[in-house]
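Structure first, then comments.
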């Protein structure tokens, strides 16, 4: 009965109903969409960050991150590769990273010099896809270098030109050679593009005296969502010296930066929500108070305070329920649409480069769980914002209420 | 027992405003009202009629004294008990009708029975029965604002009696009605008093209305001066 | 008469105490939140810009002709003494610093990283960019013979450098030879300017001069101004006087910084707009209801000879009182919060890693701008006027004088 009575009251109080519905629907849609956008764009940035080069899972010497030097290599890397038999492992590739000084015709620039297994990298990183000029590395290449576009620009070299490098071999010997630029890549990560160059691992091993050594093994899981648990399993198999880290660990600073971004976004939303809840509260207050006399009568003819509370609450619950469902559907639909058709953020590439991100297409994240969570939060907040007026009017004595003007 | 269905003992009500002098609305009222009686509280404005009705119905608390209904002491009960007592035993009719604006006449009449968790069939049958007695069966589906004052007050009376309370309290029920409507309403109240055996206490200062009562109690300056 | 109407307005608000309080609270808390948000967000943006300017280009930066397009150490400024003399006489210039810059490699026994070698005069930098304040470890000093280097904190982390660690820096000098020098780490510096923290190797000017064979020339002159808005003028006059240099403003060097300032301004305005629209709706609702439910009261007032205009004034006063009280409270709360955060700062060290990734310090100092308050006041007044006009029109149509006869 209260539900029907409540429903009639809702239909009768058009102003309150209109304003409450409008605001709550917009707020819910806003929250649902913002969450989808935030999570989606953050995931995209992380995905880009992870997939361009670092990979979902890295195995390295326990001390490498602290001291990335020749003391902390994976020695006997072939044996370690042999231990990686987990069926979840799609592919595993060796990398040897070091820093050298590149010398072009006129300029010298320091940069990363890395040996990779080119055919395996194609299914692990986006190096091959990021080709801009020339060709990607072939397994049989020798002194061909696949160079970052910005690095090439800094060295003032082009495809076909020669560069020399000077560095330290794995045996601490002096290492230097002439390289031929075979291809240029541009991933969009400015720092990466201006510092990296790749050669085949076979050539690298020879020139740097690094046979059967590597700085990293990059593992591509069959399912990227389970990277962490795969990493945990690999750690059990590995010798104590080495450890496997999932992208959540290797990309920790970026994950944290995303968290900070989320926090500030939610602060902003919070401020908008505060005023919205005040307005819902005010409109509820006005409506409920214009019915004070009626509430007094309800009490006089035998409704208990709890029944009156139930009636008024049922009205809020209906309004909040309808708004949350409609707002959730609108927000969800928007989120779904932009999940399928990512938002193109043109003009902000500069901004993103500043933060070391390469992403101009931002899909939202369509997650039913997050949508329901936000709908739940909004429902509680919408009902919550009506509590004060309801409790206040219900605390009047019946006689006061009847005589209220 | 029959003779003191409603028992009012040493009731006083003193209003103490924040500023100014305390005013005694009721002083030392002692009354008993028999079951099935039709009693009018009679007296000029400010004589304490409404205050006394409110105290009997638990809408107001006496400063002193106590009220009992069918031997059960009412004074000092909690909110919830009072609500239940009003719901199950006492019907109210207000001067300003006070129907619930968004509910139809039928829903208004059924409201208290719904609170008592009666079945829909029961509610429908009873509301139709009461409506026939009061001559409002034709307007049962109308909303209060579509009804005339007389019709609204009859719906209010129907709401008060539908749940078969033992006592009906009516505060100046005819004050907003013209004399024709006022007389009709009082005739119906008389009939209900006889047919349903419900005890009715109402307040009025209209001589015509007062004549329909079986017993008249006259109040003046908060004291019973007659009856 | 105005005083009398004012008193009536006040009384009527006091009668509807709870709802008046709600409106005042709504305006003040949302204003408080907005001011806090604007002040902190602008503070962050300004900090980002200030960090980048101080440790980087300065407000205006001078290079040798053609250096910006191709960062060749040969394109240096040889006549810097002459330029410095001009700047010393320019009242717009607050400070300047001459630097030698070259990209190279920093190597230790265990690994190497690309680095930007920056030769500086420590005393000049202390006055100019106050780089010494950015020191995380060690002293801002290159030792007697310039044998110490100060390393960007992120670079130091990556190579696991400690104070006293031996490092080799290599780079190409101005006659295209590859040269190296051995130094010891004298300190770590963190300017929260990512590029700087990740690559900077500060060495003494004399050392850099010898190593890179600069023959007294400098790569860069960084200039800080008393008033940033003079940047264009200073740039123009220097370009006019010296044909051997090129001059850039900070926003030309890092347009993305200017862009983030503009984006923040737009973002703040959109958020404020949204908040005030919703708050306006709240004020409107309260004024409308308080007009409608007093139809009878206004009817009586009109019946005894009050003019409609006076009723309008009454309603206007009421909304004005509500709006301005809310504004005053919100502005006072928000203003004092910002004042506190301007001098004491907001300690966000819990999120420091995430903030550093954005180029921010973990201590954020709020910015206060007059337009926060003037815009808010404008928005509040606007909502008040709208919230008065519409109910008044409804009131006029309803003919309240007839309302009394209906009772």
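The letters A, B and C name the chains in turn, as written, and every chain counts its residues from 1.
Basically, a residue touches a chain if its C-beta (ideal position, glycine included) is under 8 Å from a C-beta of that chain, and two chains touch if they have at least 3 such contacts.
In this text the structure is predicted, and so the values were computed from the model without any measurement.
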Both-way neighbours, i.e. chains that touch chain C and touch chain A: none
Chain pair bearing the highest count of C-beta contacts: A-C
Farthest chain relative to chain A (centres taken as mean CA coordinates): B
Centre-of-Cα separation between chain C and chain A, whole angstrom: 26
Length of the line joining the C-alpha centres of chain A and chain B, rounded to whole Å: 68
Cα-centroid distance, chain B relative to chain C, in whole angstrom: 71
Junction residues of chain C, two or more chains touched: none
Touch list for chain B against partner chain A, complex: 54, 57, 59-60, 79-80, 83-88, 90-92, 94, 98, 100-103, 107, 111-112, 114-115, 159-160
Residues of chain C defined as touching chain A within the complex: 18-19, 22-23, 25-26, 29-30, 33-34, 36-37, 41, 70-72, 103-115, 158-160, 170-172, 176, 178, 194, 198, 255-256, 259-260, 263, 271, 274-275, 278-279, 281-282, 285-286, 288-289, 293, 351, 353-359
Partner chain C, residues of chain A touching it in the complex: 15, 19, 23, 66-71, 98-101, 103, 106-112, 154, 156, 166-168, 191, 195, 252-254, 256-261, 263-264, 267-268, 270-272, 274-276, 278-279, 281-283, 285-286, 289-290, 350-351, 353-356, 392
Residues on chain A engaged by chain B in the complex (per definition of touch): 1, 5, 8-9, 11-12, 293-294, 297-307, 397-399, 402
